[in-house]
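To keep things simple, chains are lettered A, B, C and D as they appear, and every chain counts its residues starting from 1.
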Amino acid sequence: MQDTKSKRSLEVPKTMKAWVLDDPEQLRLTEKPVPEPGPAEILVRVDAVAICGTDLEILSYGLPAIVEGGPPFNKNFTIGHEYMGTVVKLGRGVDEFAIGDRVTAEIHAGCGRCERCREGMYTSCSNYGLNYGDKNKGHRANGFTTDGAFAEYAVNNVNTLIHVPDEMSDEEATLVVTAGTAMYGLDVMAGLLAGKSIAVTGPGPIGLMGVALAKSLGAQPVILTGTRDSRLAMGKKLGADHVINVRNEDPVKKVLELTRGRGVHYVLECSGASNALNEAAKMTNRGGRVCLAAFPHEPVPVDLAHLVRNNIYVYGIRGEGRSATHRAMAFMQQKRFDATIIHTHTFAFEEIPTAIKYAKERIEDAIKVVVKMG
Amino acid sequence: MQDTKSKRSLEVPKTMKAWVLDDPEQLRLTEKPVPEPGPAEILVRVDAVAICGTDLEILSYGLPAIVEGGPPFNKNFTIGHEYMGTVVKLGRGVDEFAIGDRVTAEIHAGCGRCERCREGMYTSCSNYGLNYGDKNKGHRANGFTTDGAFAEYAVNNVNTLIHVPDEMSDEEATLVVTAGTAMYGLDVMAGLLAGKSIAVTGPGPIGLMGVALAKSLGAQPVILTGTRDSRLAMGKKLGADHVINVRNEDPVKKVLELTRGRGVHYVLECSGASNALNEAAKMTNRGGRVCLAAFPHEPVPVDLAHLVRNNIYVYGIRGEGRSATHRAMAFMQQKRFDATIIHTHTFAFEEIPTAIKYAKERIEDAIKVVVKMG
Amino acid sequence: MQDTKSKRSLEVPKTMKAWVLDDPEQLRLTEKPVPEPGPAEILVRVDAVAICGTDLEILSYGLPAIVEGGPPFNKNFTIGHEYMGTVVKLGRGVDEFAIGDRVTAEIHAGCGRCERCREGMYTSCSNYGLNYGDKNKGHRANGFTTDGAFAEYAVNNVNTLIHVPDEMSDEEATLVVTAGTAMYGLDVMAGLLAGKSIAVTGPGPIGLMGVALAKSLGAQPVILTGTRDSRLAMGKKLGADHVINVRNEDPVKKVLELTRGRGVHYVLECSGASNALNEAAKMTNRGGRVCLAAFPHEPVPVDLAHLVRNNIYVYGIRGEGRSATHRAMAFMQQKRFDATIIHTHTFAFEEIPTAIKYAKERIEDAIKVVVKMG
Amino acid sequence: MQDTKSKRSLEVPKTMKAWVLDDPEQLRLTEKPVPEPGPAEILVRVDAVAICGTDLEILSYGLPAIVEGGPPFNKNFTIGHEYMGTVVKLGRGVDEFAIGDRVTAEIHAGCGRCERCREGMYTSCSNYGLNYGDKNKGHRANGFTTDGAFAEYAVNNVNTLIHVPDEMSDEEATLVVTAGTAMYGLDVMAGLLAGKSIAVTGPGPIGLMGVALAKSLGAQPVILTGTRDSRLAMGKKLGADHVINVRNEDPVKKVLELTRGRGVHYVLECSGASNALNEAAKMTNRGGRVCLAAFPHEPVPVDLAHLVRNNIYVYGIRGEGRSATHRAMAFMQQKRFDATIIHTHTFAFEEIPTAIKYAKERIEDAIKVVVKMG
């Protein structure tokens, strides 16, 4: 390793294998040129990539409307954004990382020049998706607006990379961005969480990481709601003090009971259920806060009067802002909780379609499905 | 005045005239004992009181469910919370004000001992409404949970009073709390507003004060939307750079046009219209913020996906927190705008039912109807 | 216990033993009336009280100049502010605690009516010390401006009390306010600390608690500097990743070395050494922050140019604001660290002068000396 | 103008006149290549540039130690950072500005990739000064670490430019960055200033702009201290409610008197006097805040005990962060105050050495000396 560290690149082939989007729901394995890292960029050899719910969305519906150029189908576009790997080539001006470093990637690199980036809100970059040709503002969202990691190599902005400690496995390192999203929600909504109560609604990957992080930050009690006992049991292992199966109990009533009628200080909403915001607002109290990390696809009835009368703030969050992945990584590195609990299945690069099928259909109660390269 | 200032009280009668709630929609003029100010309290002779939309709500439906003891009907309860007057008696330990001082009142005095009060969120006091008997936590909300100002005298916590400068009329001084509510919304949502764009939706009293304050704070442009040209014209006088009559134009399209496609940084929602939040979310941009100062009474369909995908924060606000009335008063005292524009009608104390009728039915396009005592 | 909980008081004698200040350095044991709790107040039977460095200061020099009425000598004044005990009597309107509850006390109860209290800065109450006679604003600072706990009983504002969990010893519970002060410094200066680096300078009780809390919050690395190896060893047990004995090494140089030349994000200064601020400023980097929790008694030379050129913020903190004691208690209750390590000696109530001597002269390397009643 | 706007560049010569640093205190007029704007950069034809106190410092002592490569003497380096001009050429990906636009420049463009930039603190960029060769991180500080505006043309990062409204003169537009620095200090220290009291110590350009902006933000009262009556009179014109000549009156005593013994909420320190911080701390009150925008060159005795005991925060600020120049420009554009009052002298490009002499020796009571091109 010593030798490689002094170099600007490892040997890198000219072309690589990559999965690309054809028609909706169609992935095709192809051969692409290995991309070149520009200034402030790094070429990473992908070692592992996890499947995210958003990957499934893009595969079915394309990207959010905010991206110029329309749907990504049949454009040779590669998705995949929860990944880690090894630094193999450095762009101009890069010395924050060395060849051979193991790194994990957050999704967004803001343009660094718009109003939002200048105030630190880089995941809300005003130049979102403008990263080609004349409109090149330098924004990147790996696997959303720039090629992602269902491929052997991927380019990243130096901004998006975090060192992976030696003792952390490749698989665990792919979970940092999921944890980072939960951490961002906690940061924005709650800040200092120690000694405060929180309910996490929805035990998906973000919700489960939310439980683990809230516990690490000193929240008490941490309450998790969901529909499946297996997931709730996982939540307990990750630090939930109480779990509520909403099939058996009224979650609002139960949360109030667990908090002696006062409600929780914060609710991290990760279920996307139709009535989730209304219930969340009733689980908290006057002056309480709710973070929406998931959402129903159609407009749903919301009791706005309750929000106003109770001075409740609602935070929609997108992604993993405020460098929250770094805080998430710190807790994972310090072994405050075992993130690998949510990693349930592993497949090889060639099996990505199967991996996706497992994630989508929750086969064998799959939570995080990881694709391990090489 | 010199003489009176050294005293602890002016001469005060034992009883006073007061309007009280009978059945819903019924006000009755009666005689009540003049209340005694306790420690940290002040007795104020009411000199003027304005009618607020919330007064009309209480008169019809009673108080929000959060107040113990149920509806306020037939309990000798006096409403009225937008008032000013003259200090006539000081409770123990009070030297912040002197006998004879002219003062205007904000609504809420938090208990000072709960978690919310201790973090400065006194309008979200956890002991809201607990101000009687064994449950006495010292919270007061004038005209909501403790007797208000449709009476000759009213007791206030020293916390809620602000000095009225000599050159400000009684009528103008009653508007400070309305302006304070708008200011609170701007504070919570936007903080430093100078140079940022804002849309205010709904040209009621709070919306119009919101326009004036946003302008005073340096916002640009300030855009006002509404349905009536007369109100919009008033908004222009108070500082709106652009007004949009939503009967003639699509407000979302127009706001985007006025901001070269970028949307405004902030929306202060004061209309309570069913689609107001969805429109507000589309008037702003990624990372934008919306403050709800009004609300529809029934749940309405809300596009939560748009909030999450665009990282939009939504702030429900109740009342006039963070001492925002003091900031509002500062701008009014500095004559940054003419708040009296929204004061349209004046009635005598005995005419309160007529005053309420004017406010409710918007007779002669009434906005702020003020009752002037004596 | 069940029975006692339903009562408003346990049996309480009319008089109690209390130590009072005579001339400087002179404590006298006397008999005093047991005080009556007023509205929002609670009478606590003191079960344990720790000696704080500030007690020693008051004993020698009197109170800070901010307290009306001059020095506290020969006025029958009782000091002692790091204490815990049992609730024995409730003032009017108190139901937050029940008779028989074990509680620990923070020092300050703000007046709840001044500008600072209204914005949540109750330890900076503008009515500091005004709690008697006509000037009674309701401020309390236990053992500073109102009688403290070198006595059998003490009155507290309900604001200042925190429940002590069953499994926590009396001795440990007296340490909560020390930890709360360190936590306040971390809150004000750093907020979200996870993944950030910090140096704590000075391994006194506050510094050592600062190390433990910073570690609990996820800071990395946590560096502690000091002059005595025994204290530094204690710091290691409490979570310091690195310790620096400034007698052997240049702490600035060493901190830079440990952070690969970048400096730490934050410095919590707890030594009060003459050059501590200058060194702290050089241990951090452009945009860094320093919190002063200790101070030299005389003015010292400070390189202000360095602060300005490097955009460094310096936070003087007094006491344990922002309800930080609650966060500190949460971590202690969750057994994130063993606070009892800093508790070195125990004495009986009658031995308070000896306890003070041990604390002052650091006899047998005393850190926290606790007085256990009964 | 219409025609030029559609182009990517106006005609630009190959070389330009520029003043460069020789030995300390020596400026030499020379011919340099006109620089090329890279991605995210813009070439500006300099139309006017003001002399700043920092220019005089660099001329005498070189740059702060933070810049790699040592002193800037005899390296063909061009200083000058308070400037405005006309856009003549656009780098790749730039469409925020058009050819022919009038713009004014703030100093700092952060690297956009370090920790500080990512949290919005771009003036505290961790890669300060690293903008050449292999270490190229993209940071720029015009006239400090990259060539400035004592030249016919200058390159800027798109981040640093602000549109100048048609009705604003070239001279006034050069003052925006000075106002932006004062605004940054107010932002960091005070946030919402309306209704709060402030003292500005030192009526130099930043202090005077601080007075004007504090007034615009609604502060009351605004108190200015200084040693020269002519400057204080200027402060009055810009909005000071009270001025104090420290040669005639004790400023601490007077500030306390003007605030009825309570002290001001905030102090913006712009004098750099030896005792300024101690006096500022005594002008404010418990919980108060002081911003240091100037500094003495040598360490000075500071009463840290006073800062700690009174919970005072001290903010060293460097430059014009948080996009404060945009807020300053908003107020100037809205004509809230007449910034041109501080512009006292104008010289031609060839006369820069004379302009500097006027600024340095304050000839004819010079405040802002502006160099007008062409």
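In this text, a contact is a pair of C-beta atoms (placed from the backbone, for glycine too) under 8 Å apart; a residue touches a chain by one contact, two chains touch by 3 or more.
All of these numbers come straight from a predicted model, not from anything done at the bench.
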item	value
B-C, B-D or A-B - pair sharing over half of the C-D contact pairs	A-B
Chain pair with more C-beta contacts, A-D versus A-B	A-B
Where chain A and chain D are represented by their mean Cα positions, the distance between them in whole Å	40
Overlap residues in chain D, where contacts from two or more other chains coincide	121
Chain contact graph, described as a line, ring, star, complete graph or other shape	complete
Footprint of chain C on chain D - complex, ascending	64, 66, 116, 121, 123-126, 128, 188, 262, 277-278, 285-287, 292-297, 299-305, 307-319, 321
Partner chain A, residues of chain D touching it in the complex	39-40, 92-93, 95-96, 110-113, 115, 117-122, 134-138, 157-159, 322-323
Chain A partner contacts - residues on chain C that touch it in the complex	187, 191-192, 194-195, 216-218, 220, 326-327, 329-331, 333-334, 336
